[in-house]
């Protein structure tokens, strides 16, 4: 029996629980060691998962050995494995950064961090819609903790907005679940897909309403226009390591959209086929435009970076709603890239903030910044990458995306995507020149030490991007395969129905 | 030692009976379980209690309960009349009942009893624990009420909670 | 339907009326203790409803619910009253 | 089921429901908190007690077995109802303009009117 | 009965939404509470509620949906209740902290007139 | 070898960047290695290239995107590489002496090498996409170079402007390249160059051409994008010499040459490129006359020359291409040397302002001589290289076939440009080296170090040599270059100084005469000193950028103003939109087809009434918080009773218990919140909210009703059937919770535990002030406390009972955990926190951890039997005396649930309840 699919949830959960046990009695160094052991185990698991998925196409894990439609199923396809690996790779430098000091100042940091990973991984792996909700909640509540632990003042304020907004979205999620279960009688996504395809016309309206609410939820989590207002402050106020980890949170919403609206409301869904994409394409493009304005208008570096996260979300919306294998593949590549690079920018912003003393990361006052060479160089790499300039990963992602736009929509989508790149260049070149070019190194305040772990974390994140650039061929082959697999709904239904429990009777 | 292992025998007995009653089954398994709980639960409870009730003579207790049941029924009817009748006829007032009971468990029991018997609701125990404030729905003679409470309920309770 | 069933149903309606009366007090007030009292009474009436419902269906599954209300239903009352008295619930 | 039991059950039910209703009526009809509290504090308690006994007898006789554990509900109710009443009275007392003075003490002179709807301590008003 | 349940859901949802849109943290929390009641009832309603058929199996009664109500939505609602509670707890505490740190209970952490005068630099 | 050539600059850039402690000289030598070695490599390649063969290497990089790492060297690429490396070498040498002690040579040479690499990659790329990649890299590295003196505002602005304009062009180019790829199906340069017909025939051709040209024009500073170039002069002079005369700005015209076979040959191409080139030619030349800054003059002259080259490519005849290529080389020579000369002057005099300079031929004769030679080349004076290409230009301008108007226009433009060219060259020479001056300098100028002069000298000598014997010197190179550009279509031509007296020669003479006249005429007419030159383009750009920033700032602040109410309102509105759209058609029809609802007894309506009245009551009194909390308690109770009524005892229990805990939580919080809401004075907002809430509620009610009335089709019947035999439980809800969907519960307790952690983390160190404090000692509640003494152990017993029985009757871990926690809560309330915590002494935090681990353990146990996580096992333990003891493995899991719920609840409540104590303890310390 291969238990690998459940490990991405269990490993961080157990690690988190152990860390909680250790908290009272042991020094921070002991906690860190355990946290790292957990992380390394997680890394091993995610890599193995990716390898196995490439070999076997799809892993189905029937929890409790119940037939798929009775219990909860974990379904690992290429997309899930990719998301899990991305999350793990992101978490490593985040943890590294936090271990440079923040973890001592935020109560329960390590436990919450692991729980967050468990929630993320669970959301990526589950094949059950309600279970998706549950893991969304695990992820969210851990994120509240990470955002608010050790917080005061302005961060609490941002937290309030973030928490309430997400809870309201969760309420809508539950409503959608109620409607969908009421009409379809099951919660297994694949089974739901089969039932939607066979639904009689008088049921369409209610299913459609449920699907619409569900779409709203995912868009809210993914920060699509106009549901993005919560994001900039929350991300800009979060502690650096946490903000960096959060870059993957909007992607969970995107993942969910991709999963649900290809599997359940894909080509086979009859009158409900492809119901999401018509809404999402223009909204995604509009998100890009507004986010680009946000990047330019940001008074602080971190706000700007938060808008970059938004911009990447918008780009992904466009990519996914084109709903062809090429675009989805490009989107997946771009997703991983944007996660890493925007994370590195959050971390950098924090380093910069500390080095600039009381001026923080505000762009307006002219402030000196000691020891700026290394941060500046790293900022340059990150900026080039996130703006989609060659030769780094952002460029490759956008290139592939541009390549997959069908000719009918070519002009305006290209204009939006290339235009957003230009706006990013304008915005980031201004930030960069203001932060690093203002004054020579002689300063009025003492330079804080450059902590090696912090710089290391940024370097690691950027190294991912560079690795993705160098190995773009294999990576894109993988994402292509993932996208093709994703659109092949019949195989999902077949695979699921052919997976029998180990010892129990299959469902009649 | 006994105190640490079995903090309160009355409590243990209560739990034992309680479990069997609730499980509605006197199989050996349940008896073992009941014994186990009868030992463990008071231990656990003891972590939260400063002092357990010390019981005196219990004989008076059963008589008290019997009397109480009758009183509750009879006096409820009185209250029904008073409530359903015109409100202007009610002569409500507060009465301080001086206490002879010093045992807090006794006072508690008295308070409950007063509240459960109709016509009176105990409202407050003075800080020095010497008086109990009682609200009467309708009485013309507070002193008689005080006397009746002391005789009917406080006296037997003083026997149980010396 | 037996005569007892009819009695139970009538009883449920009577208790329902009692609940409505409590509701009236709950909404009307005027003081906080009045509302607390009304809520407390609603809880107690609920026990009667549960018991009669269990009788009607001849089932025991509502026992636990009734037990819990009887045993812990006063928690709300305790907390609310303590708040009125002291503002600080846990001192 | 024998008629005797039927009569007993119906009687208990009738009494129980009557007192429960009485509690409600008392609450609506009477004009002052301390008068109202009399109703629920015991009428309702007694009423529910009666219904419970009716239920025990009913289940016992009606075939689904003796369920003496329903007594436990009564026990708990009788344990907790006084606590509730006591605490609510404390709350109401703390809001009263003219609290009954402690018999050993003279009344305070500076007691003032308080907002009964949502009480605040006098010194803040 | 369905009509009653549906209207109850509607009233709860409408009230919840109205309170959710208020400006004070406490009102928002109340609104979320009402909304989650509405949601729970909605999920519960997905099981096509019936009276008196709790899904606790009895001997000799065929194990079909004719004799027992749908247990699955009940389990879902249970989970939803618990999660809603957890979320309420967090929100309440954030509201406490916001009031303590920012001296206001406005959801945005500042009174609107403060914001008009000039917020973030 | 091509790889090695390309790798050289990048590798050495890295080496330079990392050699932090090396001396200035070392840095320069490391940087100098690149051109030295690079030129050697080029030399090795020369044989093959001059023979006309095309050298290629290719590696797959991203085959999915058609992006191969392929390098390709033909005559054109080789020549450009020569230019990049050759002038690069001179610039390194020059730069070493030019940089002051304050400038970091490490930074400078790193950037310079990066640029060199990017430029080299661009010219030898064999794949169009790869070319675009390097193209953007030149923009980025030039941004760094222009901003090298980052403390100067003009440097920062110039750098950003250059980046913005060329970055935009780069993105356009990328788009164009992608379109070409779409048309051709490949980005391979050979394939693309061979597909000219195909490309020009495609309906995408205008788009592709437009985008590519946008890239080219921005990079080569063509009108109207020319204005960035003068502002890029804030860069150190070696950079200007290198980037803004010899190489980067040539990238555009290089691409024009490179893609000539693929794109040129259409009317569109001809008109667009020619007119833009002509406009640039004139604008640049005209503005050059009025610059006071030496580098400004040179920059505008560069613009003009780039316009000339562009114009030549626009003409598209073979000989025009030849002329264009020739002028690229010539311009590189004289302009680089002029920039360096300007740099020397700046270096020695401390100013580049021609109004303060003059008569320098006395002070620095050698430099002056070289600069004058180069200026004359720029002016197109015979026997210098500039003359040759200018003659060819005049000749081509006069020979435009078939375009009458265009011919006239271009010819006049050519003549005018010649005139202006003479004028500004004259101004350069006259104002700097002759006349009076210099004025008000801080230093006495003298000759620079020898090694600084040598690069200028080399280039100036080249100008002369090429000017005199072109066929011998530059001829073969130009031939190779032309062959590389035009391939088979390359024309035969010969370079000679004297073509006899013809129209072009007459034009040259005329332009010299008119130019001199213009210069001196202008001098007489207006005082050059007083002429204020303004860059309109720059102002427009700056205004636009500022407007963009202002718009972005205002818009973003307006929209994302942090208002939660707005966020929520939008969410609800979108929900209405998304769920309402499908309902718009057919709701009534659907409702009409539904059957009759089940009847509801009066008791049900009573519950309904309680629920609805209490709900509305909550809304009405929401401003008074205590009241609202009491009233909402009735809502909770009504919901529980509805659950009871509708066959959900477990739900009712859970709801009741959660209700109790919630109310405690709320009351604790209320102590630290204002007791009343501020009254909002916004009736419109209220009305809007009531409306949207009403619509949403109504919509949801309709959905719920329609859903309930639709026939159910659920998998639950199978759950009912399999619950007892396979999961050993009668309470199917509980079986679902711990078995069928145990993983949900698993996540749920994680949520619960984390929530407790969050509460703890938020309040552990918080300083909270109660909204109001009631004076006096803590309330003693001895009677209530005493009565709960009996309650407590019984409640615990009930908790155990519910826990053990939960699988078969209402109950289970969650409910039992709460039944354990609630009495403890009562203890907290009645006895005070200190009393409880002193004696009770559980570590709730560890409880949560242990509970979670237990839950995992309960699930993992099944692995031992080779079945998936959480597969329940069942064991009937036959214990002597006790009898059969049924043990389900789900019990372990449920124990975990129990512990987490108990510990989590109490962690939350105790943390909230003891804020004051912790604070007091903190203050006491």
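Think of it as A, B, C, D, E and F in the order they're written, each chain with its own count starting at 1.
What we mean here is this: a residue touches a chain if its C-beta (ideal position, glycine included) is under 8 Å from a C-beta of that chain, and two chains touch if they have at least 3 such contacts.
Everything numeric in this text was worked out from a predicted model, so none of it was measured.
Novice: Stepping chain to touching chain, what's the minimum from chain C to chain E?
Specialist: 1
Novice: Taking each chain's centre as the mean of its CA atoms, which one is most distant from chain D?
Specialist: The chain lying farthest from chain D is F.
Novice: Would you identify the chain whose C-alpha centroid lies closest to the centroid of all protein C-alpha atoms displayed?
Specialist: Centre-most chain by C-alpha means: A.
Novice: Between C-D and A-E, which chain pair is linked by the larger number of C-beta contacts?
Specialist: If we tally the contacting C-beta pairs, C-D comes out ahead.
Novice: Please compute the C-alpha centroid of chain A, do the same for chain D, then give the distance between them in whole Å.
Specialist: Their C-alpha centroids are separated by 56 Å.
Novice: Chain B to chain D: how many Å between their CA centres?
Specialist: About 15 Å, centre to centre.
Novice: Using mean CA coordinates as chain centres, what's the chain B-chain F distance in Å?
Specialist: 74
Novice: Roughly how many whole angstrom separate the Cα centroids of chain D and chain E?
Specialist: 31
Novice: Quick one: which residues in chain B touch 2 or more of the other chains?
Specialist: In chain B, the residues touching two or more other chains are 18, 22, 111-112, 122.
Novice: Spell out, as numbers or ranges, the residues of chain A touching 2 or more other chains.
Specialist: 130, 134, 137, 141, 144, 148, 151, 157, 160-161, 164, 168, 175, 178-179, 181-182, 299
Novice: Quick one: which residues in chain F touch 2 or more of the other chains?
Specialist: Residues 562-564, 568, 625-627, 645, 649, 670, 700, 707-708, 712, 714-716, 719, 740-741, 744, 748, 751, 754-755, 758, 762, 772, 774, 779, 781, 783-784, 787, 790-791, 794, 798, 809-810, 912 of chain F touch two or more partner chains.
Novice: Mind giving me all the chain pairs that touch?
Specialist: Contacting pairs: A-E, A-F, B-D, B-F, C-D, C-E, C-F, D-F, E-F.
Novice: Tell me, which parts of chain D touch chain B in their complex?
Specialist: 18-19, 22, 25-26, 29-32, 34-35, 37-39, 41-43, 45-46, 65-69, 71-72, 78-79, 81-82, 85-86, 89-90, 92-93, 100, 102-104
Novice: Would you pull the chain E residues touching chain F in the complex into a rising list?
Specialist: My answer: residues 1-30, 33-34, 37-38, 40-42, 44-58, 63-65, 68-72, 74-79, 81-83, 85-90, 92-97, 99-100, 105, 107-108, 115, 119.
Novice: Note which residues of chain C are touching chain D in the complex, please.
Specialist: 2-4, 7-8, 10-11, 14-15, 17-22, 24-25, 29-34, 36-38, 40-41, 44-45, 47-48, 51-52, 54-55, 58-60, 63, 66-67, 70-71, 73-74, 77-78, 80-82, 84-85, 87
Novice: Any idea which chain F residues touch chain B in the complex?
Specialist: 780, 782-783, 786-787, 789-790, 792-794, 796-798, 800-801, 824, 827, 831, 835-836, 839-841, 879, 881-883, 885
Novice: What residues on chain E touch chain C, complex-wise?
Specialist: Residue positions touching the partner: 52, 54, 56.
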